[in-house]
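What follows is chain A paired twice: with chain B in the first complex and chain C in the second.
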Partner chain A sequence: MKRIGLIASATWRASRHQRVFALTLIAALLLVAGTLWLRPFNFGSSELKFVADLGLGILSLGGAFLAVGVTVQVFFDATENRTLHLVLTHGVRRGEFILGQLGGVVLLLGAFTLPVLALLWSLLWVRETALLADAAGLLDGERMLRPGGVLVAGMALWLKACVLAAAVLWLCTFAGSRLFALGTGFLLFVVFHAHPMLVLPGESAGAVATVLGWLLRLLPDFTAFDAAAAFYGDGRDPVRMTGYAIVYVAAFSWLAARQLHQREL
Partner chain B sequence: MNSSRRHYLTAAAIFIAAGWLANAVVLPPSPTRAAPAAIPATALWWNWLGGLRPLGANFAWLQLQGTWARGDVAGSVALIRLATGFQPESLYFWAGGVRMLAFDLRSRSQPGADDAALRRAAGQLLEEARGWHEDNPHYWIERAGVELHAFGDVGSAGESYRRAALLPGAPYHAARLHAQLLVRQGRLQEAHDWLRRLQPTLPPDDPRAQAELVGRRIRQLERLLGRPADEPQDEL
Partner chain C sequence: MNAGGPGALGLETVTKDYAVGLRGVRLRALDRVSLSLDSGEICVLLGPNGSGKSTLLKIAAGLLVPTAGRCLVHGEPAGGREAMRRIGYMPESPVFPGGFTAGECVRHYAALGGAGGAAGVAQADAALAAVGLAEWSGREARTLSKGLTQRLALALALVHDPQVLLLDEPTAGVDPRATADMLELLVRLRAAGKTVVVALHQLDQAAELAGRVVLLQSGRMKFAGAWAQFLGPVAAATGSVQSLLAGLRGRYLELLDAAEGEGGAR
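And then the complex of A and B:
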């Protein structure tokens, strides 16, 4: 456990100083602040919902960008700089190395999610206060924003990014190049979101399509981490959502550790 | 069995066990989620954009105003599909798209444009919207309006108003319009029975419910039928 903690701490220190983290964080904060200027475009939904959806969308994409980019970066840095070899010669097991690296990335994803979520909540709070003041006497003054819902939405996006980071780390253990890992990592992000479409072939589908459909059903379903629904208190049970993420993070970590045994170092 | 094959078999077994545990035990599919068969595949491909989908839908909608003003049918249909694909959970884009196809583009499009094709496209869009908004009374009211005024199909429109009226949160006028369309089809007895069942459910102090108007229509129908009608058999 101590060794995992030390590797996680080293990964966290290395990754938080990477330019990609600072740039993604600053870009996300600016984009979330910029949603206020996009308010007039809220054709299909209310203003607050539109701003909340945009903010959560930026948070989701930014988290995915970091989960893929930073995970690939830290893993390939460790193999190319021979840090991995050094660590393994000191008696650290491959599983401990994988869990340590994942722990560092998970911390980094949390450090990205919290400030962006805090800014989004503040903006929504300010706009809601202004709208309630404008509609004084017409509405009962009850606030739509709930602190619990905001926290669960942030947690859902963080968990989703953690599952993606674990999947990408597994991918890195058999990927030959950074480019392959980056490209396939983003593809996984898209495929995991299309889960409801992949799972059930039509009634007229043949045996192969049916078996394939059931196999695809085993992939993580990122629509389970519906931050917008959680935001309005209508999302999935946070405890079950956490359990769902833990199962996949554990499975991908285990697969990564096993694959690392097979990899020629 | 060599070690490499054992490694891949073990990895596959772990993946299958984890996938089953996560998707069937820990977080089974939500019963409130729309059935996958009812959701257009194109809509699901945009899921990865998450909360940014409304922005994409709004930009497509803004672009649509230009193609619509030029009477460009193909461009408008493509942009309507893009907007509804980006944000299918918003009835706004479905309803606006159907109205454009069923009413506006028919009058704005270039000479020789296929009227029947526009009506078909509008009908297809209405049917796709049903997969997302079947439980929304405003969807059925929108559908009834298009069926009545664009397709001239009084029977289908009446049925859509009936379906709207039976859903929670339906505006009162949906039930009255269903009765009116029954009258227009000459089904006076059915209209009378429907209004008789509706009347006790209307709050007398809510002007939107128009309880007095419903009472007057019942009396008119009774005069037309020439006798006080039988008591209704079914509950509304």
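And then the complex of A and C:
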């Protein structure tokens, strides 16, 4: 456990120094702040809903970009720069290395999600306060924004990015190049979102189609991490969501550790 | 060189095949290599690129599993916890991540090896001092010169005080002065009782170490024996060759020192 913590802390520290993190964080903060100027293009939605949806979308895409980009970068840096060789010859097991790297990326994803979510919440709170003041006497003064909902929404997006990072780490263990891992990583993000469309084949389908259908259903369903629903307090259970994420993170980590065992270094 | 007997490092008819390409075509990197080294020995691995030197070192370090045969480190199977504790491995041309000083790097690896806190700091300081990097410990590792980077990699291999050192081209891309320092350090480590296995390309460097020689080609061991045996009929000329090489290095360093002196005087 100590070795996992040490690798996680080194991964977190090394990835924090990469430009991709700083640039993604700055871009996300600017885009979220910029939603205030995009309010006129709300397509008929209420102002707060428009800003919230746009902000959560930016958070989701930024998180996915980091989950794929940083995971690929830290893994291939470790193998190409021979850090992995050094780590393994200091008594670290391959499974510990995988969990440590994932731990570092998970911390980084948290460091991205928290400030962006805080900015989004602050903007919404300021606008809601202004709107309530403008409509004084017309509305009952009850706020739409609930801190619990905002936190669960942020947690949902963070968990989603963590599952994606674990899947990408598994990809990296058998990928021959960074480009393959990056491309396939982003494809996974799309496929996991399209999970509800992966319908089971009917009775007339052949054995291969049936097996394939069931295998596809084993993939994580990213609609389980519906941040917008959580944001508006539709009763998403954070404990259930966390459990769902942990199952997939554990499964992908196990697969990654197994694959790394077979990889010729 | 005794094949397969117990010692600091023993390889018993080790064969390693790599699966290459999508079809998994077998490429033999090592072919029935046997080797036995005792404590306090230096073994120089020589051979052209792709001859299997790095593969042999990786198998001894437990990073690769042999296709056939076995490798033992002080009687323990390579790759096991006990064997890992006894080996120090220096990969070829490592690159260190940004944001870490040389001292932090060494302390990190000391902690990974199980020495945390004050013990880890003491081990890291000792390793840095052993390779002459103590004064550079506060410098960011990524900004170190090639020679200092190689020394840092050696410090990482040494930090847990292993008995067997496996070094993959420690002098690659390093200037003559840093090379001389590195070779001198290896000789000191041997004198301290360490078993040193080092892959090299330069014959003059092998001559300076003058340990056992293993010559590999296409994964096969073409020669294994003492330096004097390796020289064979050219042994008679060795004195003059070695003195020429030593003289060249001395002249090079002398000129450098003179230039430094003049530079300082200006």
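Here, the second predicted complex is superposed on the first by the 250 of 265 C-alpha atoms of A that agree within 3 Å, B and C clash if a C-alpha of one lies under 4 Å from a C-alpha of the other, contacts with A are read in each partner's own complex, and residues count from 1 in each chain.
Everything below uses one rule, namely that a residue touches a chain if its C-beta (ideal position, glycine included) is under 8 Å from a C-beta of that chain, and two chains touch if they have at least 3 such contacts.
All values derive from a computational prediction rather than experimental measurement.
Look at chain A after the overlay: chain B and chain C fit there side by side. Once the two complexes are laid over each other on the shared chain, residue contacts for A:Phe222 go to chain B alone; chain C is not touched. Counting the residues of chain A touched by each of chain B and chain C gives the higher count for B. When both complexes are overlaid on chain A, the residue A:Arg3 reaches chain C alone and has no touch with chain B. In the superposition on chain A, A:Arg146 makes contact with neither chain B nor chain C. Once the two complexes are laid over each other on the shared chain, residue contacts for A:Gly57 go to chain B alone; chain C is not touched. When both complexes are overlaid on chain A, the residue A:His17 reaches chain C alone and has no touch with chain B.
Shared-chain residue A:Arg39: touches no atom of chain B or chain C. Touch criterion met: A:Arg82 reaches chain C, while chain B stays clear of it.
Note on the composite model: angle chain B-chain A-chain C, taken at the C-alpha centres, equals 160°, rounded to the nearest 10. After overlaying the two complexes on the shared chain, residue contacts for A:Tyr248 are found with chain B alone; chain C is out of touch.
Once both structures are overlaid on their shared chain A, chain B and chain C have a minimum Cα-Cα separation of 12 Å. In the three-chain superposition model, chain A touches chain B and chain C at no common residue. Remark: chain A residues 38, 41-45, 50, 52-61, 189-190, 193-194, 196-197, 199-200, 202, 217-224, 227-228, 236, 240-241, 243-244, 247-248, 250-251, 254-255, 258-259, 261-262 touch chain B in the complex.
Touching chain A in their complex are the following residues of chain B: 4, 7, 10-11, 14-23, 26-27, 30, 33, 36-37, 39, 41, 44-45, 47-55, 57-59, 61-62, 87, 90, 92-93.
Residue ranges on chain C touching chain A, taken from their complex, read 18-19, 58, 61-64, 81, 84-85, 87-89, 91-100, 108-109, 111-114, 116, 153, 156-157, 160. Residues 2-3, 6-7, 10, 13-14, 16-18, 77, 80-83, 85-92, 264-265 of chain A are the ones that touch chain C when the two sit in their complex.
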